[in-house]
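Let me begin by handing over the structure; questions about it come next.
The chains carry the letters A, B, C and D, assigned in the order they are written, with residues numbered from 1 in each.
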Amino acid sequence: MPEKLGIGFVPSPELVKAWDTAIQPDGRGLPPGKGCVTDGQRIYVEQCQVCHGISGKGGQYDVLAGRLAENLFPFAAESGHPKTIGNYWPWATTLFDYIRRSMPLLTPGTLSDNDVYALSAYLLHLNELLPESACLDAASLPQIEMPANKRFVPDNRLETSAVR
Amino acid sequence: SRRRFLQATATGAGVVLAGQKATADVRRVGPWASQYGERSPFDKVNRTISGNLQHESETPQQALSGMITPSSLHYERHHAGVPTIRPEEHKLLIHGMVEEPKVFTLHDLLRFPQASRICFLECAGNGKHHFKSDEKTTPQRLCGLISQSEWSGVSLSSLLREVGVKKSGSWLLAEGSDACLLTRSIPMERALDDVLIAYAQNGEAVRPEQGYPLRLIVPGCEGSMNVKWLRRLEVSDQPFMTREETAKYSDPLKDGTVRQFSFVMDAKSIITQPAYPLQIEKGWHEIRGLAWSGRGQVAGVEVSDDNGSSWHQAQLQSPVLDKSCVRFGLLWKWDGKERLLTSRVIDSTGYTQPSARELIAIRGKQSLRYHNNTMTTWRVQSDGQVFYQRMD
Amino acid sequence: SRRRFLQATATGAGVVLAGQKATADVRRVGPWASQYGERSPFDKVNRTISGNLQHESETPQQALSGMITPSSLHYERHHAGVPTIRPEEHKLLIHGMVEEPKVFTLHDLLRFPQASRICFLECAGNGKHHFKSDEKTTPQRLCGLISQSEWSGVSLSSLLREVGVKKSGSWLLAEGSDACLLTRSIPMERALDDVLIAYAQNGEAVRPEQGYPLRLIVPGCEGSMNVKWLRRLEVSDQPFMTREETAKYSDPLKDGTVRQFSFVMDAKSIITQPAYPLQIEKGWHEIRGLAWSGRGQVAGVEVSDDNGSSWHQAQLQSPVLDKSCVRFGLLWKWDGKERLLTSRVIDSTGYTQPSARELIAIRGKQSLRYHNNTMTTWRVQSDGQVFYQRMD
Amino acid sequence: MPEKLGIGFVPSPELVKAWDTAIQPDGRGLPPGKGCVTDGQRIYVEQCQVCHGISGKGGQYDVLAGRLAENLFPFAAESGHPKTIGNYWPWATTLFDYIRRSMPLLTPGTLSDNDVYALSAYLLHLNELLPESACLDAASLPQIEMPANKRFVPDNRLETSAVR
């Protein structure tokens, strides 16, 4: 088989730009723009609360807010503790990436990048990770230290045939 | 059913004595050939739809045979429903840390060497009902999120060679074109191994709910890695830490850590017959079920009818393939006494399927919302009724 | 198609610049899960119905991938149409030279050990259009009467043991319950070997047009031996000389004899792509096709692009199974010159697929209405149009 | 695996009798009854001719009648010679068996055994194998010598990997 078959086309720069939207944990991919907690709260109440509840709790779908004491991480053994952004998510960049690509559930793609910064800021605020006065942009979002980050470890099962 | 049989004979059922006038035995021709066949109207075997968004459907394991799941009964898990994609408009973009980004149409992909493989797909959440279900629970409910097809398409490695992955390229992002643009990260080592860009499922085009027209197939790995409606692959030097590999599909462990990228599905088996809601008669039966391992091949399956005190080697149907489901069977005479039936699989790496208690002790019960590969037990009552027996 | 691609990008096709207001990129969720899936509305691949009674339909080989034929596209050949059978009323009678005749319901059969195998079924008449067709003929027309499924059911040998075949029992009659009560004789040696009573096809119940609820599967043997809607097996000490093994499906030879019971299908292969009506562009393509042998396994497939002057070993997709179809492929660069593409298969017994001229010389052209396993040739014209090239 | 699993039922004698209708080349299975060429002609004209043509030729479906010179057997090489009962069928019993189970095409099972004897006799007559005065029953039908019988040989392909 030759190195290359010469099948397929070089994509237009427009196509790559339109689709190249994934955000990486170091912040690569984050767009220009900015959004603040207070704007985020307004958008959240309008567009998200119906599914995720007041202040990110008690909605029909995923619980988004809630912290636990620093040394509490009961998710393996006990039930009744929802995993939230504040107590379980390892990276803040995931929040921007996921909201922009997937939310609101029925009309993803309707939020502007500023809206997404604002919603990310508000949800981080609800999780006690940002003050009410905070704003976020491409520089500041990746800086946020997520409480659960240190807990994430790569898969270690395949090193052995024992059950892990 | 002896009674039913004698009745059927007595009332005729199309059968008459072969006498001099056999006019009662008239047989009429049926419809002739058709363009695209359908199953019998008497076959009512269906997926069960579940989830608060109806975002899942479960394969009726207890009603199926062999190792191929009919495409119409392949389990589903959607994050934003099933998109409608016109094949002539669909494109696959490969870009990022590559020498030359490329976009491929379906027509382009058909020109590459075709690769096919039979392998299972299993949702990481297959087994999540184990510890919440009562005794009136079917194999479909307990284990309906695994199915198997022959997938055909292009080796991802062929396409990666075409674009030229840069030295720094160590991870790959796969993105679907469903409404939520679902994404997952895949290590480059794995991407260059046995990953397929599938355009066909069991011979014909991939089904809409399975990713029509293109699905990424990562054999042995949890369902959501096998990105449906695939439109984009981006090469990078680190994982993207998408929501589906951080907030979801990760495993909190008892030591306070969270196991991430645990996408290889451990070995699992389940008895699909006899199982709830069957009632069996005394005498010989085949205990049958499914076994698989994302780590490799099924090496053997053992069945116990006494709650694990003794184990009997089951027969495996052939062929037994890598990262592929196999149907197992054990001929078994039921003596009318209460029995606890269980199966466990051992794979080609030596990994043995754990009991519920064993895996709960290692990982914690709440951790097993994902990646629960524990054994399943069925209780055969002395009246022949079979019930699910929780063992946690 | 570069033009079409650029157009699609320019006109949007759901794609916009990722700006501050991305409202044009709204994506709407699709329908959620369903009970029994259907193929994409854009997938129009169908069987073609043929025969003056519409008694046949041909599998669209050129549009399929891998080795499993979707059940909905499995070829058909009926002698009295498709009967409608209620599964709870269906019975299988085994009698004749046996110690104890028995009748089995479907429920009974499910209690026996299940066996599954992937094998092809091929109509003895597959290839009957070879010497009558013009250049505008597709693989579907030339070779549409072969398909492959995973069949699951009970080994016939298990049932024969249950009834106890008498010493004198050397042949078996199989009878269908279609309107014409089709019958075929099978040698006992073969019946005890690898014959299945199949209740499942590709995991679910056998399709109506394939014999629902029971079909005899005689791997590697001509389609009509694989009696559909099976209701009866009679053991005897001689073949029954039914119409389908005397007047039909027998091979008159040039020496004035008629070869009878020539039900094992010889090895055959066909290139399914490129083929009429494709038009190809210069550059790399995979020449792909199907190969099989009723005598055993496919050992190798060779492809020629110069009318048989030189041959190139093709790749076989895996797994390669006994009496099973395999998809082959050869990466090939088309230089824009006229080419004659041919394939030939060699099986595990050393049997090599003959050319048309060779087999005509041995058997006579009119004999090849049945059991024509000769090579098929495609002519690639310098404009890229591909046509069927008759070689008789 | 034990010798027998004890699954399944002993069939009722009625079921076996109703289904046990296959005819063997030595005549086993032939029912009581009788039919003559002249009766067969009448039934043929009424029920068969529409598909198989006058005197078994020229219909839309299979040609049933026609002989060739004793030493002519051109079916391998030449086209245009229909295979008929008289020139190709090796056993007369096949005729009774097939007509009774499969014909008339749209209403098989409507003929009495006497009808089937008569039709067999008529078709054999059309193929110059019985005189017009003949009748057939279980004893005489298997006695008929079919011209092509001697030509039928078992499959000899599998003895070799050569093409045969």
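Here, a residue touches a chain if its C-beta (ideal position, glycine included) is under 8 Å from a C-beta of that chain, and two chains touch if they have at least 3 such contacts.
A quick map from chain label to UniProt name: A, D = Cytochrome c.
Note that the coordinates shown come from a computational prediction; the quantities given were computed from them, not determined experimentally.
Of the two interfaces, A-B and B-D, the higher number of touching C-beta pairs belongs to A-B.
Note: centroid distance chain A to chain D, computed from Cα atoms, is 77 Å. Spacing of chain A relative to chain B, judged by their CA centroids, is 29 angstrom.
Chain B and chain C, compared by their mean Cα positions, are separated by 26 Å. Averaged C-alpha coordinates give centres for chain B and chain D that are 50 Å from one another. Across the assembly, chain A contributes 1, 5, 7, 9, 15, 19-21, 105, 108-109 as residues in contact with two or more other chains.
The multi-chain contact residues of chain B, meaning those touching 2 or more other chains, are 5, 27-29, 80, 91, 103, 105, 111-113, 179-181, 283-284, 331. Two chains count as a pair here when they touch; such pairs are A-B, A-C, B-C, B-D, C-D. Residue ranges on chain C touching chain B, taken from their complex, read 1, 4-5, 8, 13, 27-43, 45-51, 53-57, 63-74, 76, 78, 80-89, 91, 103, 105, 107, 110-118, 150-153, 178-181, 199-200, 202-205, 207-210, 212-213, 273, 283-286, 288, 315, 317-319, 321, 327, 329, 331. By the touch criterion stated above, chain C contacts chain A in their complex at residues 2, 5-6, 9, 15-23, 25-29, 283-284, 331. Interface of chain A with chain C (complex): residues 1-2, 5-7, 9, 12, 14-15, 17-21, 31-33, 105-114. Those residues of chain C lying in contact with chain D across their complex are 52, 79-80, 91, 93, 95, 100-105, 108, 111-113, 161-162, 164, 173, 175, 179-183, 231-232, 234, 236, 238-243, 246-247, 250-254, 256-264, 266, 295, 349-352, 354, 358-359, 362-367.
Those residues of chain D lying in contact with chain C across their complex are 1, 3-5, 7-11, 15-16, 19-26, 60-61, 73-79, 83, 85, 88-91, 93-94, 97-98, 101-102, 105, 108-109, 148, 151-158, 161-164.
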